[in-house]
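Both complexes below contain chain A, partnered by chain B and then by chain C.
Moving on, here comes the complex of A and B:
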């Protein structure tokens, strides 16, 4: 059984590596297709054709595409993401510099979504058709439908201007964790709101489905309390679709945090990518997107692994599938 | 034990409060106002005058460095700064003597003429990595800096270059770096600024903030604020909210309409200046049917400039009728102000054999105001039978569409260029050798080229002004340019801040910021 689980884990790792390789090739291809020349960006309008040619030679831009792709992949595998063509700094340094801000924002947002979405979904599922359920249905759909940047602007106007409760921008002075936490509330809430609505709806429907399962009916027949049935037996199984969505959600937020980073003037990887695209700073675009891709697939790998932990049926099914015939 | 409030105790309390207010409270207020928080629309990237990206870096560099001469507060006039004396001896020679005892930060010693030579000549040198300064043309006329003594030197020019004062010596490209620091730091010179100006960099947290602290070794007048904190905020709307929440004290608004909200708010103020950036629609004279003068004239007559400006900027910007704005030498005050004439435009098209109209493309930066203007133009030209397809591109793509041979395929483009305090800086982009570089109209005129050289190499202001006007007339004759506006510079600030902004609107003198 343990051997089968290891095989399953190994096969997932290989899939993950292939996804990353595919993403790297796609990234390389995209930089070939997009208009704009990195030599002009770096060297400026004063550069002579000779200087541009020399730059292209040193950067390998004059080599055949397959050679450039090979070099690109080899460098990436070695952890060499290249150098920022504007500042000359290693791209890895730039990514590492901003990644913690995006990760914090992403996980706090997901935390908000889980902490609020799951209880609301549970409430709606255990009170189907009630006024509370109806209100939550309308509210959930509304926050899912409203674009996040609109929510962000309104949160700013309400909490920072009218009520003057929360600060507007940035991450605050370094070392002041309290201030940093305050400055995290609005951006993470603006990212989380639509996910709260989404998770609440998802949790409601999956919990309702689980609550109609025969084993729940049997539990009720045995006289177990409703709280125990819902929170001990039903919730665990009903959480699996939510967990799957959370894996995707983290990925979406890693890339989608950009609007919160721009509106709230926060450093982050989304903003780094956005700025780099604007200046055709390809090494930064490639390195940052690759970082997002790697994080995304790793989170999904972790989520896949977590299915088995939550639901023994999946663990057993995986083991059977991985076992030799 | 019950506390009673007699008339005497009330008076004592009142007097004490008044005394505290008179002595202590203002100090508290002043203490809170010993720093000013300024918003810039992007993060600082390189702190090297020669390789700066733009004004965001330039403003910080200029606050930390001195120049031989500097602009006076918010003015095109200048006065000696690091130089004790500086004078134009002849058309091609400028002599200077430095004030002794001006110290660079971080222990890099006293400023000498060696530092001047190092700081200016490096603009023309190709670096080890093949990089050459994008601002090399600022010092394009520089032949060499000759050191004649510890504090004295001569700036030899290849030719007369009147623009060199306002675009190099007094401007960001004229900032003086320490040669010793440059040699010791190597590549790190791009991130570790060693200057001798009113401020020094106390803390630089990329993507978050840059803190400038008053430089105790600075020999000039002490700056009013102990600290200037520069925060990168990309979004103009966020900057507006941050100003209203008092998290920043000064910002420029990209959208001039934003000033209306701020103007109504207590404790805040709006500062408006005529802009100097120029916005126009360029027509590619090499691309058919725009290669036909009558077609270009028809398009120019078909566009309602006032309507486009009202739609995009709420009518809050000045209309442009020629290249140079009114504060610059060579302003053409009699430039024709063309009104939309649909019948006239149709007649010109018919004369060009295009009575049935044609299809063309207008390439714009993907920003709301520009797209709005493009839509007005699209609608205007539809009435004369010209179908306009709008191509809105992000910055990276947009700024390459007119370059090289790719630029031959460009039809019309809506362009915005920044200006400096000298007209030759503005006129240089339209000479023949700029075709495929920044001259996206691909318009060439030998007389224009000759006049540009003349204006850039004579110190006779009257002659320069005359040449500039003639150059604008030639541009007008070509009908390759539909001038729109000089933009406007609108700033929001806390009421107690007295900003120091140079007339181009983009260069801010942090060292001269004061209390209103």
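Moving on, here comes the complex of A and C:
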């Protein structure tokens, strides 16, 4: 059993590595398709053809495609994401510099989504048709339907400008954790709000479905309290779809972080990508998109592992699937 | 103590459906004597499972009680209220369901299933004692290597083993009434045999009443002291098992017995009673069986027959039977 679980883990790890490799190749291919030459953008309109040619030689832009791909992959595997065309600093450094901001923002948002979405969904499922349920239904659909950036702008207007409760922009001076936390509230809430609604809806429907299963009737037949039935016997089953959505949600949140980072003027990987695209700073775009891909894939790997922890049937299945025939 | 453990009087249950109300039980009256094994037989759709779910009031949300009452140990459900009959569940009434594959929670360990039942029955017992009792009971119902398998999950057990676990749960509740709703229907024939043997063995240790629901007359004849025959949501005939199988009075019961015994060598499933079970959205006015009954007279189509004693020692709801 242990051995099979290890085997399953290894096979998932290999799949993960393949996905990352695929992403690298796609990222490389993208630079071939995008119009605009980094040399002319960087050197400006006055650059002579000789200067441009020299630049291209230094950047390796004059070599054949397969050679550039090979070099690109080899460098990435070694952790060399190339150099920022504008500042000349290693891309890896720039990514590592802003990554904590984006990670904090993303995981605090997920935290909000889970800590508010799941209890609200449970409440709605255990009080179907009540006023609270009806209110939550309308509120959930509203926050899911309104785009993140609109929510962000309204949150800014209401809480920072009209009520003046929370700081407006930026991340604040470094080292001041309290201030940093305050400045995290609005951006993460603007990202999380639609996910709170989404998870609440999902949780409600999957919990209602589980509560009508025959095994719940068994628990009722033995007189277990409704609290025990919902939170011990039903919630575990009902949380599996939510977990699956969370894995995908991290990807969406990382994407959504771009808006939040721009609107709230926070440093982060989204803002890094956004600025780099504007200046055709390919290495930075590639490096930071790759970082996002790696994060996304790792989170989904963690979600896959969590399935087995929640549901013993999946644990057994994956052990069987991974075992040699 | 002389009164029956369960008295059902004039009970009606209807299910709301898109086509209208389905009257699954109509004017059902019956007694479950203390310490007896009572068999409940009838075709699919006769209301067997509805009655089984009505006793602990576990009816689905679209069902409602349209009339009559249920008394448990002399107290009516109406008098004890919702809190009262919920109190019976897991303490005085336990159930074994038809399909052991879906009746156990897939993500909750067997230890939790059994432990929670014991904790409900004996809230004062410690964790260690609960575990000891759970292992002893699994051992008793024939789960090999009980101590190791206690931590397992439902999917690790075969259908027969799961039904043994369900029976272990029921017995750990030490109920006055054990309802077994077609406990062997979902199992293979050989496994069915084993479960029936187990139930019969347990009979010697379990002093409570058992309501055994089955569509197999042979099983009921073998296991039960008394039998209740349901047809289209009404009681057709009741009586002591021996009397009923020897001298059934109701034409429906007679036809059922013929179905199970006649024409040796042919597949039992191929034999049937001519005609269809009536539509319970709009049940027929008189005797529900009249449209299929070979001996029906004019009165059968106009007046609902009431249960009355017959010469054979049973009670039948039939105008014709003597």
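The rule we apply is simple: the second predicted complex is superposed on the first by the 325 of 325 C-alpha atoms of A that agree within 3 Å, B and C clash if a C-alpha of one lies under 4 Å from a C-alpha of the other, contacts with A are read in each partner's own complex, and residues count from 1 in each chain.
Here, contacts are C-beta pairs under 8 Å (C-beta built on N, C-alpha and C of every residue); 3 or more make two chains touch, one makes a residue touch a chain.
All figures in this text were calculated on a predicted structure; none of them were measured in a lab.
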item: Partners on chain A (chain B, chain C) - clash or fit; value: fit
item: Partner chain(s) touched by A:254 [first = chain B, second = chain C, both, neither]; value: neither
item: Partner chain(s) touched by A:233 [first = chain B, second = chain C, both, neither]; value: second
item: Which superposed partner A:88 touches (first chain B, second chain C, both, neither); value: first
item: Which superposed partner A:224 touches (first chain B, second chain C, both, neither); value: second
item: Which superposed partner A:196 touches (first chain B, second chain C, both, neither); value: neither
item: Contacts of A:245 with chain B and chain C, given as first, second, both or neither; value: neither
item: More chain A residues in contact [chain B versus chain C]; value: B
item: Contacts of A:215 with chain B and chain C, given as first, second, both or neither; value: second
item: Partner chain(s) touched by A:290 [first = chain B, second = chain C, both, neither]; value: neither
item: Where chain B and chain C come nearest after superposition, their Cα distance in Å; value: 48
item: Contacting residues of chain A [partner chain B, same complex]; value: 34-37, 40-48, 51, 54-55, 58, 86-88, 97-98, 101, 153, 156-157, 160-161, 164, 167-171, 174, 262-265, 267-268, 271-272, 275, 277-280
item: Of chain B, residues touching chain A in the complex; value: 42-43, 45-46, 53, 126, 129-137, 187, 190-191, 205-209, 231-235, 237-238, 241-242, 244-245, 247, 393-397, 399-401, 403, 437-438
item: Touching residues (chain side chain A, partner chain C) in the complex; value: 213-224, 228, 232-233, 236-237, 310-313, 316
item: Of all residues in chain C, those that touch chain A in their complex; value: 56, 58, 86-91, 93-95, 97, 99, 102-108, 112, 116-117, 120, 153, 155-156, 166, 169, 173
